[in-house]
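Report on the structure given below.
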Amino acid sequence: MNKQSDTLTKGQQLIPNGMLDDNAPRNMWWCAAHVDEITEEPLARWLLEKPVVLYRLSDGTPVALDDRCPHRWAPLSEGEVKNDQIVCPYHGMEFGADGMCSKVPTQKSIPKSAKVQSYPLRTSGAFVWIWMGDPEAIDHEPVEMGFTTDPGWSVITGYMEVAANWVLIRENVLDLTHIAFLHSNTFQQDDWENPPEVSMQGDTIVYEQDFPPSPLSPLFCAAFGFEDKKIVKREQRGWMPSLAVSFSDWNIHDLDAGPDKRRDFIGRGAHIVTPGERGKTHYFFVASFDSPNAPVEILEKTKAGVISAFNEDKDLLQKIQARIMKDPRGLDFPEINLGADGAGVAVRRVLKRKLDAERGN
Amino acid sequence: MNKQSDTLTKGQQLIPNGMLDDNAPRNMWWCAAHVDEITEEPLARWLLEKPVVLYRLSDGTPVALDDRCPHRWAPLSEGEVKNDQIVCPYHGMEFGADGMCSKVPTQKSIPKSAKVQSYPLRTSGAFVWIWMGDPEAIDHEPVEMGFTTDPGWSVITGYMEVAANWVLIRENVLDLTHIAFLHSNTFQQDDWENPPEVSMQGDTIVYEQDFPPSPLSPLFCAAFGFEDKKIVKREQRGWMPSLAVSFSDWNIHDLDAGPDKRRDFIGRGAHIVTPGERGKTHYFFVASFDSPNAPVEILEKTKAGVISAFNEDKDLLQKIQARIMKDPRGLDFPEINLGADGAGVAVRRVLKRKLDAERGN
Amino acid sequence: MNKQSDTLTKGQQLIPNGMLDDNAPRNMWWCAAHVDEITEEPLARWLLEKPVVLYRLSDGTPVALDDRCPHRWAPLSEGEVKNDQIVCPYHGMEFGADGMCSKVPTQKSIPKSAKVQSYPLRTSGAFVWIWMGDPEAIDHEPVEMGFTTDPGWSVITGYMEVAANWVLIRENVLDLTHIAFLHSNTFQQDDWENPPEVSMQGDTIVYEQDFPPSPLSPLFCAAFGFEDKKIVKREQRGWMPSLAVSFSDWNIHDLDAGPDKRRDFIGRGAHIVTPGERGKTHYFFVASFDSPNAPVEILEKTKAGVISAFNEDKDLLQKIQARIMKDPRGLDFPEINLGADGAGVAVRRVLKRKLDAERGN
């Protein structure tokens, strides 16, 4: 057993989550950035523990390169993009989108080995996705995210850097029973008294849970066009098609809708996580509603509410991560699973299977 | 020889003090907190390199638990105490004073293994003491500290976090010859020209030293009811009954007391240290005087003076610790002992004996 | 092969530079301080990963001692110098310039082993140099720096702490082709289109490069007494007589000088680096001009310009160092050499030879 494969087998976790180590599979699409973040100004970002520079060519094509010049390792992101070449800030070497050096200012010949790694990118919805594993192993496209740019939807997106391993966020968003406690002042959705049904649909983890009529979280009433504390029937349905993305649908049924009025609404969250530096995660989130043209002020207020709730998660997860890192017992500590952990435990199984496959276990 | 026992045998210290490692015996009482710090609001504190949560039941009983929920390791100290149960902030699991889970909000059955470690606590004087070793090994009570709550005494207590190993504070307070140098501007007690007599009384280290008439430290004159620079005879007597606590008595004789006046006074210091995170120490101190009802303003001024002196120690010990941690030579550096190190060296012997016993050397 | 010698052989650098490790030879003179920094007030400074205290005796002799008292390891630099003895701030032990203890306040006998390491110092020009290796191995004097105190020169000196290994600064200052890119807004000297000639003169690395008439960097015009953007012929000549010091001469020829006017000018830079703590460097720099008595306000403005340019180097080198330290690939990353790297690569060869000799490879 090699050193890396120890990642998920040490400690007293029944199914380890590798939260103190590099536990990110490489042969999959992770989110590199929101589409608007990538421009002709280079963007420096740590992705899967590597420094990466992201920028756009003049035709709009996004590019991702290792952010270390192969000459003296200066960060290319400190340079500028000129004629679709990124120029190293130190000695002015230039590189194309394929990572090949195209110019050395002080000499005519260009060493063949003067190149940096270029990473495949794809755009899906409002996000740009990166493949940092073996490019030969690309066997699927990024998760379909069309609703995030669909004019039929009203869409909020946001970003947080979280100083915790990405899998802690995964486990968090796939067990919503924490909403009744951690978010009792924000979501105020306190009816999570039973665990959801969890199933696998192929490789996709799915959970489903129906709620009897009860007041809808004040975070979302305005965006749905309801008055505050509106009583609705609610079906929660979540699915995780990739370790990088999970969705959380709030299917709302208006019990008082007039005869010609709309009765059924969807509020769709997406939780997108990308490992950054060791122990840090880029967390992109989406909150969206299947009606067009929600007023900007309502979306802004909704976004502020969502952020205040997600900050509660961020704060707690960071405390967990920091504590485990500092505690000499680390992962060697009791851990029990509850009925509500079905989806979270499934995440660990999917993760272990994927890492084992990549690492040849 | 196991890894842990190496702690006290490496380096060039003749009797090593383990200052860069975990050098805290477990089977003894350490101070967890001042009694007033523990309330129904949970208090998070690192004790002997473990995160611990401290709180009080409605009947006043103090409780100490591992501050990691056994479900997903959230800090219980971020939750609240309700009906004598501490409620995890993440998914609402509840735990009793014995650490057993008493409620899981989303299910009826409670897993047997759903428990956290509960640590025995005792109250002695103004402090609460914790036993973090084998509870079966409890064979004594915490050090008697009754004077700290005795109405016949005027008592000052204080707390500092010091970024240095606890043994550096122990060695500091058991060799008072440093007062003439490090505290020449605060204590102004410059007559420490000889080492004290040091002896062992059972397991207790004792030092004693008589001083001819000389001006008393201005830090203490007011608290004793003397004018500034009062000439007194002075007997210094210290004893360390536990690695966690040492006392320092200033026995003062008033040479000019009138016939019906009091001649003999005691000023008693106590130095209480508890290892926290690696390389950090909780330092609780007491300065007390054997007369009741000293005016509050005099005690406040005395406390400010004591703190300014102890900050000189803190500052120097932190610099020593940081320097040794950063210097690649670490403990592998010459160290000599002087005559005045009798009590300090005895501390190291007591420590080594205790660690060897616990670690089965 | 011992652990230390691995320093320069791991990673994918063709000729490794050891930038993540202790890569400083010991048997040579490094700069301890500018002469004005050493006074009768002790100065604490990390040199070659050791804490050192620097001070001056009453006759002006500079002294360097290990900054750890051999008793309880307190920093001597926190004490004071009294009668040419440095007094430990903790228990008042005193030490002479040879590091021998001369007084223990609480006892008459002085333990023979009560001593700290004393390091040989030499003054050359405006700098004081330290030998931290085997004193028996001293076989040469520090680099001649007389021009820095020569009244025939106008001299600027400065200091920066740089959070990067010293060899990154060495490689930086020995490949000036970066000036056209990194310093395009400060030096504005954009005519470095070819690599210089590099040669070895004994152990000294030398580079030389002639430039056709072009505008002189605005950083230096005023100090030479020229109007801005003065067109001059320029010969750049640099040499590194020691890993600790390199020089950079700007030999300027005024093409329009009248018949009785001076035609030839020298601007001489010196780049002096000393390893401090791991990954940090003391960088002393000199910018000087071979004319006496340049007006103070011109020197101050020149110094400000030089600092703003050197801050560009500092900022970039710190980013490189931090990135390589954080990147799990570390030195295991492609690195190519260009024609302009002749002098920089020679630095690595000199370094490797010196370390191999010291470490017995």
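Quick notes on this one:
First chain written, first letter: the chains are A, B and C, and each begins at residue 1.
Please note the rule applied: a contact is a pair of C-beta atoms (placed from the backbone, for glycine too) under 8 Å apart; a residue touches a chain by one contact, two chains touch by 3 or more.
What you see is a predicted model, and the numbers here were worked out from it, not measured in a lab.
For the touching copies chain A and chain C, the fraction of interface residue numbers used by both falls below half; the interface is of the different-residue type. Relative orientation of chain A with respect to chain B corresponds to a rotation of 120°, obtained by superposing CA atoms and rounded to a multiple of 5.
Between chain A and chain C the centroid-to-centroid distance comes to 46 Å (mean Cα coordinates, whole Å). Touching two or more other chains at once is no residue of chain C.
Residue ranges on chain B touching chain C, taken from their complex, read 171, 175, 177-178, 180-182, 192-195, 316, 319-320, 323-324, 326-329, 333-340.
Residues 22, 46, 49-51, 67-68, 70-75, 78, 87-92, 104-107, 111, 113-116, 277-278 of chain C touch chain B in their complex.
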